[in-house]
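Heads up, there are several structures right after this.
Each of the two complexes below includes chain A, the first together with chain B, the second together with chain C.
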Partner chain A sequence: QLDHGCALHTAARGCLSSVSTQDVPAERPRAIFHTNESDPAKHTEHHEGRLYNIPLEEVKAVFPHGLPHRFQQQIQTFNEARVMVRKPALELLAYLKGSNFAHPAVRYVLYGERGTGKTMTLCHVVHYCSRQGWLVLHIPDAHLWVKNCKELLQSSYNKDRLDQPLQASVWLKNFKISNERFLREIKTQKKYTWGKQETTEEGRPLGEVVDQGLARVRSASDAMGVVLREIKQQSHRSSFRLLVAVDGVNALWGRTTLRKKDKSPVSPEELTLVHNLRKMVTNDWRGGAIVTTLSQTGSLFKPSSAYTPQELLGKEGFDALDPFVPIPVSNYSPREFESCYGYYLERKWLQHEKAHTEDGKAELQFLSGSNPQQLDRLAGPL
Partner chain B sequence: LRLVYTTTAVQRKNVGASGPEKYTEAFIKKQIEEFNLGKRHLANMMGEDPETFTQEHIDRAIAYLFPSGLFDKQARPMMKHPTEIFPEQRKIQWGEDGRPFHFLFYTGKQSYYSLMHETYEKLLNIQKHQDQLTVQDLPLQKGKRNLAGSRWLTKIELEEMLLEKLSDDDYLRFIQLLQKLVALPCADIEEEYIQKFSKEVPVQLQKAVIEPLQYDEQGVAFSTGEGKRKTARATAVVYDNGSGKITVNGIDILHYFPVLQDREQLLFPFQFLGRIGKHDMVCTVSGGGRSAQAGAIRLASAKALRSFVTEKEVEFMRQAGLLTVDPRVKERKKPGQEGPRRKFTWKKR
Partner chain C sequence: MAAPSAAGLSRRLRAWLPRMMPVRWSRYDPSYLEPEVNKELYQKPSEKLAEEEMEQMELKAVRPIKAAPPTLSSSVFSDPMISKFTNMMMKNGNKVLARSLMSQTLEAIKRKQLEKYHKAPENEKETIECNPYIIFHQALKNCQPIIGVSNITKGGKTYQVPVPLTDNRKRFLAMKWLITECRENKHRRTMMPEKLSQELLQAFNNEGPIIKKKHVLHKMAEANRAYAHFRWW
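Coming up: the complex of A and B.
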């Protein structure tokens, strides 16, 4: 095992004269697209195009709900979580490392065509932040909150708004898993009354609020609102940094498919969850960063060819998010394509004989157009 | 009762018409005069010069004045010389006294037998000439006829020439006689006669001309090709020194053809030649559905790639079916049926 680790480590430095191990002859080519650095903080351009491993326990702790579905299946199949280090992620990490947290939070918007890896980049950044000890507020897909909701309750806090207890409780559960220690440290600063009987005193750990929300599902959305407000107020004062990671942020300003009981359409402002999230995404707080992704796949009433912030956010969203730093995410570069292909080959995912040849590789590149999602789908049946 | 004496000619009036109408010579002459007059009138109408008004001009003028949407060209209005319209007919073969002109009239197929007679006469002529040459000990000339590029008249053509019906047997006999004639060494003498009965076969399939490569401003070689499939028409420009990027109507193929099947069709010519990442392509396509457009672009790109590739590979492509236009189109719906083939539901009662 020591030799094994040694071979990987030395080979990762680019030096190919590794100690020859007897087990797998493909050790050497393996090392070209893998890297040993599993801490995103140390990723540089040197690591670009390479895949790094996230230990499975970390995956469960950091990403209870963040990863795309297909990637989760891939983790299950390969028994390891390998994420590719790509340029947009490196760019974002550089910005985050160099940002001044005394200033208001900077907003970053990841945009790109369908299937180019925006969500994966977001997950990479989330991993980095959680490693660094930030408090991560990760909303996996804001589109889930504006469509297909079965239960809409009228909010007790504000008569105009509508609650979504199910979605809120699911999110609270996942939030609890990912940020256990913060929930013990952060204390509430106000007294909150839930319904008629339950109250939360001032100075109690936030974990209690979360538990309250989970126990009383009716007040889950209000609990979430409380959590968000507390965190926002305390971020610039306290010792922790806050990362707000929202996937599919264009859902907050679009239309919804939900209808009230009298069949009139619901606009996003009338939903408590959306309202609170919008407050989080405004840059009137300090001590953290906001990283968002635009997503066309879950978006409602938008053409499938739209991918720029202008189109997907609409005028309202664009004005609300302005100013932001746009970061485009594009298809694989030839080097990234090679490493992805090499990874599939190495894990024996590509079973077809022709897939191992150069021609097969060229064919895959042509047919998928170097789009990560297409490549993933193509390689599936092979 | 009075006996009415009628001639056989009068009696035959009520019997059915005997074959196609016979046109008299005077009739045909009158038609020709009328045609020429009409031609001059038409030229005047169209504002052209009557002297230089050819058949082509007539056709165009008639098509303009009497537009017709009928599919059959023969059914549309036409104005042609009477000799083309009225089929050639045999003039009456006998004189006023009833005596036929030709000595073989009573054989029934007078022109055929007279033709055989003539041909045999020529054969005998050649044999006599041959004998004369052998007597004089002169060398016999070999026939220099090139049989490869010529063919004999077909039965229908021969019928048209002789203006009478032939049977297959008769035709065969005539051809055999001609072949025997040609086989003789001194057939050059009667060359003129033989040429009346032979036609030149058109030259072998003209190979499609492969255009040479063109070079644009930066010196990059490119070539164009056109293709079609069903109702889709496509033009493709293939550039050398590329990276495998393909643009259709200004849109990347991933976006224009979201279905994998269409992209595989586009990939096929390049994959076949093993040049997947080497060429760039810019195409325009219109009409048809997604599959038809994909097929059209495939054909266009294969045609464009011919200029980059050796002749042998072009032959391989042709055999692989990359260079053939797909003739399948939507079949017409027939009346009495629900679709081209599907019949209406059959009800027993």
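Coming up: the complex of A and C.
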């Protein structure tokens, strides 16, 4: 594990200092908006506005799910994964580095307008935690659990609740890929019975529970509930730290578009997945942190201009998440915009001959309003 | 709408004829000027302007100006060919959808070419064209027929007579073939941008069904050379 304390990274290249590029490989000098520091633990304010590279094998291991779709396409086109280091991420990393893990888990909520980079900030934090060796519980989009669900089974564990086997099995598969070694180390503390014949004894590795959920899709939701429960109970005394990263946490409180067989609407607490996740997001456990994102884009029955925690979570959600640390995520600063524009030019993404001129750059900045998502969409056809 | 000539400008208001309101033609008075979108013209200092341009600038102070149509854009990225193509792709006036399909097509072309570019060895990298606009323009140019056929009836029989085509007609035919090909000969589940990008790349390399159609038209014109004298224009 890396111990940072207050060590400043001396090889940071700022545009103010004329430090020569010592740790640049000898192939070619990278431009001013790149940084070679691929360990998020060493990112400081010097690296703000710069793009760091995540090796592709690490991307496959750490992010089997969770990266936005357009970013995945970008990774495939450019053959590399470059993430910008921004202020909200640096702030969050500083809080995580300085947090006391003997205290109950602190909840951080990333909020902001549409397309400002909340999900990418979350992915940056997830990368940091997985590099540090934490156990990462990453739910890519909680809205997928409250809408468009084809199969709803009545839960065998609790008659009132409804299971979602497909969503649970997909999540379990991705969880297995990202947290292989923990599934071998963590042992169950209770005996669990699945259906009539299968049981999991006490003291078996958690990987068996996950395999059971994947093999018997009907009990996948219950398997997921068991996994969450075990991890939560063991987090405070075990050797690992736990990060609960939920994207679109406002889906857990609100309404769903699902209906039961008799066409009556389903409320979120009647779903096992949502019920178990709500228990994870409470701050009654120690030894980790909870980082969440609010998202209006996938939300249900919320106006499109809503972005603050009060509007998106509603009274119920706000009371459940209170107290939390809100972290606003805003549009690109001029420096970040320059860096993004320079990256697109360098990767030959901006092909239009006018896009290389000052006029073109000013027009892009004006049309996108320095919003990361709009800039990405505008630069696509250009 | 063509700008009214100097002789027309010297005329006063068009004579008002009772019960004859022009419906399809321009409703503007001849004194109205066209809007000028070119930014460079306004940024040039007055010494560098030529005589006609000086006159135009002085006129602008006194004459009213027509309303700018929605297709007229001062953006540096606007391209008249792309706008025309987008308008031809539009259905039921849904310009938003047509424009988004066009931008997705350009992005798809760019992605395919960039992937090829990054995988290619060093010496071949210059030959791969990544600019979707250059590919689009070249593909359209490759699809334009040189000579067309028109039906002329003589003595009760209709002949396919080879006929020269104007530039506008050539451009129109190329765009029309491209769009009909992409709408009809594709699988139900393929999206328009994907199919369009495929056809454009094929046309850029002088292969594909649209180039074949152009060759068929040329052959037809060549075969009916004997009837060329039937044309009277």
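Points worth noting:
Assume the second predicted complex is superposed on the first by the 353 of 382 C-alpha atoms of A that agree within 3 Å, B and C clash if a C-alpha of one lies under 4 Å from a C-alpha of the other, contacts with A are read in each partner's own complex, and residues count from 1 in each chain.
Please note the rule applied: a contact is a pair of C-beta atoms (placed from the backbone, for glycine too) under 8 Å apart; a residue touches a chain by one contact, two chains touch by 3 or more.
Everything numeric in this text was worked out from a predicted model, so none of it was measured.
Legend: residue contacts after superposition of the two complexes on their common chain; A:S264 is shown touching neither chain B nor chain C.
Within the superposed three-chain model, A:G369 lies in touch with chain B and out of touch with chain C [touch as defined at top]. Taking chain A as the reference chain, the count of touched residues is higher for C when chain B and chain C are set side by side. Once the two complexes are laid over each other on the shared chain, residue contacts for A:G380 go to chain C alone; chain B is not touched. In the superposed model, A:Q73 makes contact with chain C only, not with chain B. By the touch criterion defined above, A:N100 lies against neither chain B nor chain C after alignment on the C-alpha atoms of chain A.
Applying the stated contact rule after C-alpha superposition, one finds that A:D359 touches each of chain B and chain C. Shared-chain residue A:S305: touches chain B; no touch with chain C.
Once both structures are placed on chain A, chain A residues 359, 363 are touched by chain B and, in the other complex, by chain C. Within the complex formed with chain A, the residues of chain B that make contact are 244, 252-255, 260, 263-264, 267, 270-271, 274, 276-277. Across the complex, chain A meets chain B through its residues 113, 305, 359, 362-363, 365-367, 369, 371, 374, 378. The part of chain A that touches chain C in the complex is made up of residues 73, 76-79, 348-349, 351-355, 357, 359-360, 363, 380-382. Across the complex, chain C meets chain A through its residues 39, 75-77, 102-104, 106-107, 110-111, 114-115, 117-118, 130-133.
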